[in-house]
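What follows are several structures.
The two complexes that follow have chain A in common; it is paired with chain B in the first and with chain C in the second.
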Partner chain A sequence: MIEANVIPVFVNRGSFIELSGRERAQALFDKGTWRELVGPFDRVVSPWLPMQGVAPQFDDGCIVIKGKISGKPAVAISLEGAFQGGSIGEVSGAKMVAALDLATIDSRNGKPTAAILLLETGGVRLQEANLGLAAIAEVIASILELRQYAPVITVIAGTVGCFGGMALAAGVSSYVVMTREARLGLNGPEVIEQESGKDEFDASDRALIWSIHGGEQRVEMGLADDLVEDSLHGVGSAVQRFVRAGKPTQHRSEQVELYRRRIVALDASSQIDPLALREQWKSLNSKERTR
Partner chain B sequence: MEDIEFEYPNAQRRITNRAHIGVVGSGDMEVLFEPSEGAWAHVSITTSVNGFQDAWKVVFDRFFSRFDGSVLIQVNDAGATPGSVLLRLEQAVEALGQ
Partner chain C sequence: MEESQLERENAMSEHIGLRGKAWFQALTGQNEARKEDPSSVLTADAIIGDERALFLCVIPNRDSRFPCVRDGQVGLEEGYTLAHRIREALNADKDKPKSQKRPVIAIIDVKSQAYGRREETAGLFLAAAASSDAYASARMAGHPVISFVVGQAFSGGFLTHGYQANRILALDDAGVTIHAMHKEAAARITRRSVEDLERLGQQIPPMSYNVQDYAKLGLLYQLLHVESLLEPSRSEVDEAKNAIIAAIVDVRKGPADLSVRRKSPAAQKSRKAGIAARALMEHQWKNV
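This part shows the complex of A and B:
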């Protein structure tokens, strides 16, 4: 009894971030409804990594699970952030594209199938450069196809975050769910610092990084839809809600004019601070997005 | 990168399940356990870190001094220490039993 009182609620919440990529995907589905496609026992590994002296992983860091969420057909595609930074190579990219395209085929045949992308990734796998870039283009094309029929829900839980080409995939999703620990951005902090110098962006300043790339800022700016706590319940219930909601009437990435006007209206004469940016950004509002 | 193979002809207990444990993250590894086709065990390791064949041999000798299942074991390793290797193997044995 005493121990039960001492263990803080925080420890007992069931962290989502602490789960592996596979466990994260499994945790989203209704009990007993899911199965993994092209799993580790199928040994579809990257042919390119061993050539460069890097041990491959049997699922190439991409886990595909099909099942039901809130009773509706869904497929989860989860990137394992601990393997090569969750990077996209030829095999992991092909798995993502095939899963999205199968969901599109099912959706066209009268069985709308939502896709949940669990993105923990720095983007293209450098060892498979061009193939990774091609994979990103294909993933984005497949998302644009599927989202006409069923919602594509991106979850960025952390702590790797979602960067590079996969940030574009998050951008064209129907909904984006983030935690406070998660980050979303095209170029990662280290890349910006390396290209433009420490004065432009100090990659060791964590407060600065999270105030720009962090989940709270992304949600406050309307670039992500829901800020959830790092727990099975927090992430799971947000995903269920968006699966039930179905596809939005208008996607964020279709509102080109709105975002163009917002960028034009920005006052760049002085240093923009992240908190003020939220207000400035929202003052030019469109009609509410329908969920 | 190095590929390492071991045989354990005395591991003769029949295994029917399979198991997958771990991630090829820095200092970690993944392992597959599957039933072998005969009454023996075979281990194949792909590791990013060269020159530790002897350490692998010691770890698997110790593992098979207590485990007698005829399994095919495949490891992808990104620099797991001997201690973490044994832990991953024991996790896999536990998963086989479930």
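This part shows the complex of A and C:
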């Protein structure tokens, strides 16, 4: 058809970012193989939000879907960035931990079950403060259990990004997939500006933000594994590839000596130029045996 | 809040890190970093009970080459040094039976993670993850991992240093706080006054800055009373040692995971919703 040729490519490619948290998780599975667990009809809600005048959501912003990816057992856990910034509360955290632990049990029983974490989150939900922080500690613990048997694949598509305690969850994952629109870091720009001042980090400087936290930078530095385009195909095929690859022989967060040496070698006397550091680590990555 | 309590808290916040150092010294007899390590990370092998344990503590280093960790925050060097020292112990004990793997004891008084541009540029999240990984790997390998909170244990600082422990002990004092974010920032972000936040904390235990309310969540193994956080008496140090030894014994009897945090009697009450969500997930998982 003639019309098809004049429609720009991005219209047809099917954006992943434009999907809801639920649609993102669904899109990863082989057709007809999946089912959502503890879904909105089960109405398991946060008890703490209504006490503070905040409307809860029937899935607490955490969608868990179990099924098959490339014919292999898998569970996807997706945080809905549009609900309370994708933050982790008691219930959403417990859903994550339970799903990871059940995948571990299946894996130990001879049915390796990969986990895909779709992370759009600022970290702890402050209305549930200490139960959110405790949940994140448990999420990290459960990822570390599961990744001994099956890969844990974090996908950060955007546009919320992955910040706060959940950045540690990405850090201990087997693989991290990002788009150019995604960001990954412990502290977001606003938090740094608020805590350390505008001289330390100007949160309105978009170029600065993307040069530090952006997907392209993280992948090029070796702090994430795959940069994909914002499309169903881009994200989906990367996830399939890592599910098939299985767990890596060594995880990034185990490469302590390698990163410790790099920090020793850092010149901290002034702010670090992100591009220069990226080039430096990139050339080290090709020399040293990084994964 | 009572005026005197507020004053006391303010005085305490100036002591961040000093309490960690004081207790590290009391428990190990040492108070300096190893020569190869940054001055902010104290680690030492010392005897507790009748066995050798690895003790770790992060303290302020006014001269750190990273400006955003100088008040005792946990940054790049701190994360990777903790991970390095823990993995060293893991390797040294890797062929020993579980009953002989040395306990790993984190002494905690950390303000937060480092809020710095240098840190973000060089991937602070991975340094934090590497330390968290090392603590959890020690726990999973059978090392009893005990956290002893003697001051502040905030957000990313606590996730990096201590929150992967089998058991968490804390001193029962107004100067001890375990929380996701300090009061001023939490108030700003949730658009509340600090007074409102404190009032909410009295009604909603997970929001509270009081360590006794934290104990109600079921995450804590034990609260220990002391007269002075900064200058513990000899009997108080002995009491702390005995509590840590008892925690080590308890760990060796149970599973290496964190299930105790939801199975404790207090958690059965305060974490009902999460426990129910887990039960439902377990039920539905089998049917797919």
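Here, the second predicted complex is superposed on the first by the 272 of 291 C-alpha atoms of A that agree within 3 Å, B and C clash if a C-alpha of one lies under 4 Å from a C-alpha of the other, contacts with A are read in each partner's own complex, and residues count from 1 in each chain.
In this section, a residue touches a chain if its C-beta (ideal position, glycine included) is under 8 Å from a C-beta of that chain, and two chains touch if they have at least 3 such contacts.
Since this is a predicted model, take the numbers as computed values, not measurements.
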Partner chain in contact with A:F41 - chain B first, chain C second, else both or neither: first
Chain B versus chain C as contact partner of A:S20, first or second or both or neither: first
Partner chain in contact with A:G171 - chain B first, chain C second, else both or neither: second
Chain B versus chain C as contact partner of A:E90, first or second or both or neither: second
Partner chain in contact with A:L284 - chain B first, chain C second, else both or neither: neither
Touching partner for A:E257 - first (chain B), second (chain C), both, neither: second
Greater residue coverage of chain A in the superposed arrangement, chain B or chain C: C
First (chain B), second (chain C), both or neither touched by A:A245: neither
Touched partner set for A:A134, first chain B, second chain C, both or neither: second
First (chain B), second (chain C), both or neither touched by A:F58: first
Those residues of chain A which chain B touches in one complex and chain C touches in the other: none
Residues of chain C that touch chain A when the two form their complex: 65-66, 68, 76-77, 80-81, 83-84, 87, 112-113, 115-130, 132-134, 136-137, 140, 155-156, 158-160, 163-164, 178-181, 185-186, 188-190, 200, 203-208, 214, 217, 219, 257-258, 261, 270-278, 280-282, 284-285, 288
Complex contact set, residues of chain A against chain B: 20-21, 39-41, 50, 53-58, 80, 82-84
Footprint of chain C on chain A - complex, ascending: 35, 37-38, 42, 44-48, 51-52, 60, 64, 66-67, 90-91, 93-95, 97-99, 102, 124, 126-138, 140-141, 144-145, 164-165, 167-168, 170-172, 184-187, 191-192, 194-196, 200-201, 212-213, 218, 221, 223, 251-257, 259-260, 262-263, 266, 268-269, 271-272, 274, 277
Of all residues in chain B, those that touch chain A in their complex: 1, 18, 20, 23-26, 28, 30, 32, 34, 46-48, 74, 76-78
